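Chain IDs A, B, C and D follow the sequence of writing; residue 1 opens each chain.
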Amino acid sequence: MKQELKLTKFGKYGGQFVPEVLMPAIEELTEQYEKYKDDPVFNKELDYYLRDFAGRPSPLYLAKHLSKEYGVRIYLKREDLVHGGAHKLNNTLGQALLTRYMGKKRIIAETGAGQHGTACAMAGAAFGIKTEVYMGARDTVRQRMNVYRMELMGAKVIPVKSGSQTLKDAINEAMRDWAANVETTHYMIGSVVGPHPYPMMVRDFQSVIGKEVRTQIMEKEGRFPDSIVACTGGGSNAMGIFYPFIEDDVDLFAVEAGGSGMKVTEKEALHSATLCTGEEGILHGMHTKVLQNKYGQILESSSIAAGLDYAGVGPELAYLADIGRIEPRNSMDSEALDAFHDLCRLEGIIPALESSHALAYVKKAASSGELGDIVVINISGRGDKDLETVMGMKK
Amino acid sequence: MKQELKLTKFGKYGGQFVPEVLMPAIEELTEQYEKYKDDPVFNKELDYYLRDFAGRPSPLYLAKHLSKEYGVRIYLKREDLVHGGAHKLNNTLGQALLTRYMGKKRIIAETGAGQHGTACAMAGAAFGIKTEVYMGARDTVRQRMNVYRMELMGAKVIPVKSGSQTLKDAINEAMRDWAANVETTHYMIGSVVGPHPYPMMVRDFQSVIGKEVRTQIMEKEGRFPDSIVACTGGGSNAMGIFYPFIEDDVDLFAVEAGGSGMKVTEKEALHSATLCTGEEGILHGMHTKVLQNKYGQILESSSIAAGLDYAGVGPELAYLADIGRIEPRNSMDSEALDAFHDLCRLEGIIPALESSHALAYVKKAASSGELGDIVVINISGRGDKDLETVMGMKK
Amino acid sequence: MKISDKFNELKKKREGALIAYICAGDPTPEGTKEYVTALVRGGADIIELGLPFSDPTADGPTIQAGIERALNGGMTPDIYFKIVGSLKVHIPLVVMTYYNLIFKRGLEKFVKDCVSFGISGIIVPDLSAEESGELAGFCKQYNVDLIFLVAPTTTESRMKRILAEGTGFVYLVARMGVTGARKDIAASTRELVERVKTTTPKAVGFGISNGKQASEIIRTGADGVIVGSAFVDIIASGKDVPERLEALARELKEGIRAAGK
Amino acid sequence: MKISDKFNELKKKREGALIAYICAGDPTPEGTKEYVTALVRGGADIIELGLPFSDPTADGPTIQAGIERALNGGMTPDIYFKIVGSLKVHIPLVVMTYYNLIFKRGLEKFVKDCVSFGISGIIVPDLSAEESGELAGFCKQYNVDLIFLVAPTTTESRMKRILAEGTGFVYLVARMGVTGARKDIAASTRELVERVKTTTPKAVGFGISNGKQASEIIRTGADGVIVGSAFVDIIASGKDVPERLEALARELKEGIRAAGK
């Protein structure tokens, strides 16, 4: 089931749907990544940063009180303890190191709520590489703390004033920048999305999560879990924890944002459940499942968790869902909120609202037996960033 | 130089200056702590929580860019990566576990800015022990996010409306509560302060920091550092990293908050530099150095870092300073801010303003040679909690 | 006047003692003399005069507020002794304060000042018997009583030590918790009075605010009643303070007398 | 009209081609016909008519804004083909759109619709030569040109592949970056024109906004000039749009003619 590096696709999904100006950069990246991905020096250095800078390995914690409450033995993979407060840094450290190995001098990225941008700024600072982050002007106002964080760490945040002044416009602007500066600049994508080699490369960098789980669960239980549950926006934390188990007898649940319901209009979806309800299409350089209308116009997605609020999904997840290797599921905003409160109260861990979707699914599915006896939930990030949001909602 | 458990003092410092109603509780705690401190079962369980729940060991990170900028080889002890974002949890986990071993059903604590309260709430939730936190009513407004955090984790936050409605009043109220409920309740102190056995016990729980550094620095450098630098409010992160090196040839620098200057009025100090400028006195159950006026009235201290803003200091630090084993130093608000920006920009790590005082001292002292060639700085916490404060200041 | 003399005198009259606490300088140094006089007029047998400390961790909110008013009113230990010196009362005076103020003044100097200005006893709520050795030494040397507290939680071994250490009277904390006027009196008081085996008089405090309660306390076998918050509350109100202090003292003293001895 | 016929015709006249881009339905479906007619009147040889997509990642802010106006104005692929069908122009029409709209309509249906409604060529900026096989198959089958872009960064191996794959004309991206009117013309254009070794006509785009620039481009050896943002800017202004579109087209065409061939 593992993919050959030479292929740019996962089944029919994936590929490289990008403007010609970017193709050479994509080709170079593919080549360079191929060159370094198994290079012992590169990997040793990456391991060093993952350990000493990011704080890996992250623990696998038996959540006793939650297990009792939900009725299944629950282990939490604690990506909330990674530097920056989420799994995002695993990827940006990998790409920043690769940037240095490729001899590039500049990193660009786009960010929505600012999580990926912050992780880029951290990695950029750690490696001393100039970092510029495109962000919709409206988002820079809504997320001014993350803007400030990025700036503190020496990154330049470029507010994008075109269009809706949100993520979509930031992506466009970052692409333009890359097109104009391909020789010197690496474009850092924050999830397992975009043209090949990004989905593969980001998945590989995030696979450290699942690799650690393999060792940790064997130490604790002497066997693999029956199931692994991860929230899924672009899908990087999910692929990161799933991939090392892909050939094992472990059920993999990708939980998307059910938002406020499965309703869809001409322009908007009230959810972000792309794997669950999306149709095949081409977006952001990849062939994948997409939330779109009958003409192929992309819908505005919606979720209480900014990190899940995406109309596409990683192509490998689309493929794995089609062949039945992963199970796409979803949790609604209200269910995620409910599970958020459970984890805070029962375990003293404040999860990201993204991760709360995975918790919520376990809460509702545990009694069906579908998850087996031992389940690992990926707590992809901490929820400090979400306190204002939760505070604003009725429980 | 290590202290005998039977003694309640460090030289002339320390002791148990508490109302009679509390003495039995203090005696019981002393006895119980004595019973469990070397108990293998207790320690194994504590180690488990430190590892799987708190995320220990925290890395020791060679800060290459900062080393270059400051002109000395700098290792950062990354307590900012501990669950909750600071070293505080090391202690509250220890005390919460002890609470369970003592068969008590309730934890109380006082908190100022909310850091210790949050760590108590986390530990309380982890062990399923009811937790109530006294907090000055004015502080609950200023720090409403931390109040919310504690409440999310199931702790009850009790706003104290008496007096100045700040930390001091919260301490009084917590003491009253303990006095009224000694049989069922453990009072959780957040630093190496208060009556014996707290200074010793909290130091022991925090010593995990220094123990890890011993192993880590030997792995990395094959020798001990020349110096260790830690910020000092009550002194728990400092004692935690110093203590395991107390008999070694390592210089230990306790950096206090120099605030906006060394000025003092009848009622206030513009700083919190107790070791540097305080005089012997009795406060909060201990004989120690204290910021006080000529009559012995305690001064209001001041610092940009809420966690350092304390008119007392741990008695063991007072003792170690007197005998010349540690060097008391201080950094001003402006110097700490400056160093805060340095670490963000150069390393992609946002330190707590408390920890920034330690950084700032290294910045000014490195060139004197006083710190030797290799220095370990304790990054006692992360600075996300301080962003609003820093934002409000001109750099 | 010596505390023991006062208790002996009362014993002869088969009467319990009323020990009245107020904080010196609350709300200003000028008022204290008048308030003390009113309490004496009302029948107080011993005056416990607080010397205010910035961090009164052993006091309840009521007294803490009084202490704050006093400090804001400019009270210092120097002024305290001046006030005490100017009092023309013929009953024992006891200073209640926290250890740091004593420590800072110098233990010996503090005790000598007590003697010079006519204070017969010292209560230090944050000074445990374990830490009291040095101060006790000076108290013995200068013949000043050092008064200790015992609580329902006090263990037998601690009780022995405290009773051996203290003089003047033993301060029994009627119930768990810290000072503050309470509505009823705990059953534990009688038990505590019985547990405190000593020839030193026993005074019970914490939570007494009216004559009926005072009466009940004396009936448990106690030799005296300590009342603080109820007086401080009157001072806090700022209305007809001397008159009301006197009236409350009288009510309490009558309750005490009614209980006999 | 076939694109190759147009280029042959111009070749005979020793004239370069003006390829004019606007976005269909910007700002409303009703205006498009009039704008296209104006461009033709001004001298446009080929019309590149954008079919707006919600996420136009390969376009600059100017054209992106036009696309947004069109979508807000209610444009859909169905309306697009209706508009195209209603145009009575006698020059080649080329559709420029993103791959998802083609994919969603169905590759074959999309190509057949192009044929039915009189479109001779397709440009898909996010479709790389690598991914184009299937669409290219239908284009060949239905005799529609599939036009590819080449950039200064395009490697020799990719260049070969693209030139083998594409028909109609080759779209040379004059300089790095994405569409948007620029003030001057990069020296890299001549170099790129020379590197593109093919008998297929070469048209240069991205950044051309006046007659002088158009002239310079033709002198580098290009067979045509592609202008988009400059026209979209006029539409955005909303003032005298048809007149100014026509005038700019005329200026550009004159510049092109002045350069000869």
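Here is the rule we use: contacts are C-beta pairs under 8 Å (C-beta built on N, C-alpha and C of every residue); 3 or more make two chains touch, one makes a residue touch a chain.
In this text the structure is predicted, and so the values were computed from the model without any measurement.
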item: Topological distance between chain B and chain C, in contact steps; value: 1
item: Touch-network distance, chain B to chain D, counted in steps; value: 2
item: Inter-chain centre distance, chain C versus chain D - centres from mean C-alpha coordinates, in Å; value: 97
item: CA centroid of chain A to CA centroid of chain B, Å; value: 35
item: Mean-CA-position distance for chain C and chain A (Å); value: 67
item: Graph class of chain-chain contacts, one of line, ring, star, complete, other; value: line
item: Interchain contacts, given as pairs of chains that touch; value: A-B, A-D, B-C
item: Chain C-facing residues of chain B, complex; value: 8, 15-21, 23-25, 27, 162-163, 168-169, 171-172, 175-176, 179-183, 279-285, 287, 290, 292, 294-298
item: Residues of chain D touching chain A in the complex; value: 53-61, 64-65, 68, 71, 76-78, 98-105, 125-128, 130-131, 148-151, 153-155, 158, 162, 173, 176-178
item: Chain A contact footprint on chain B (complex, rising order); value: 51-53, 55, 58-62, 65, 78, 80-83, 121-126, 128, 145, 148-149, 152-154, 341, 344-350, 384, 387, 390-391
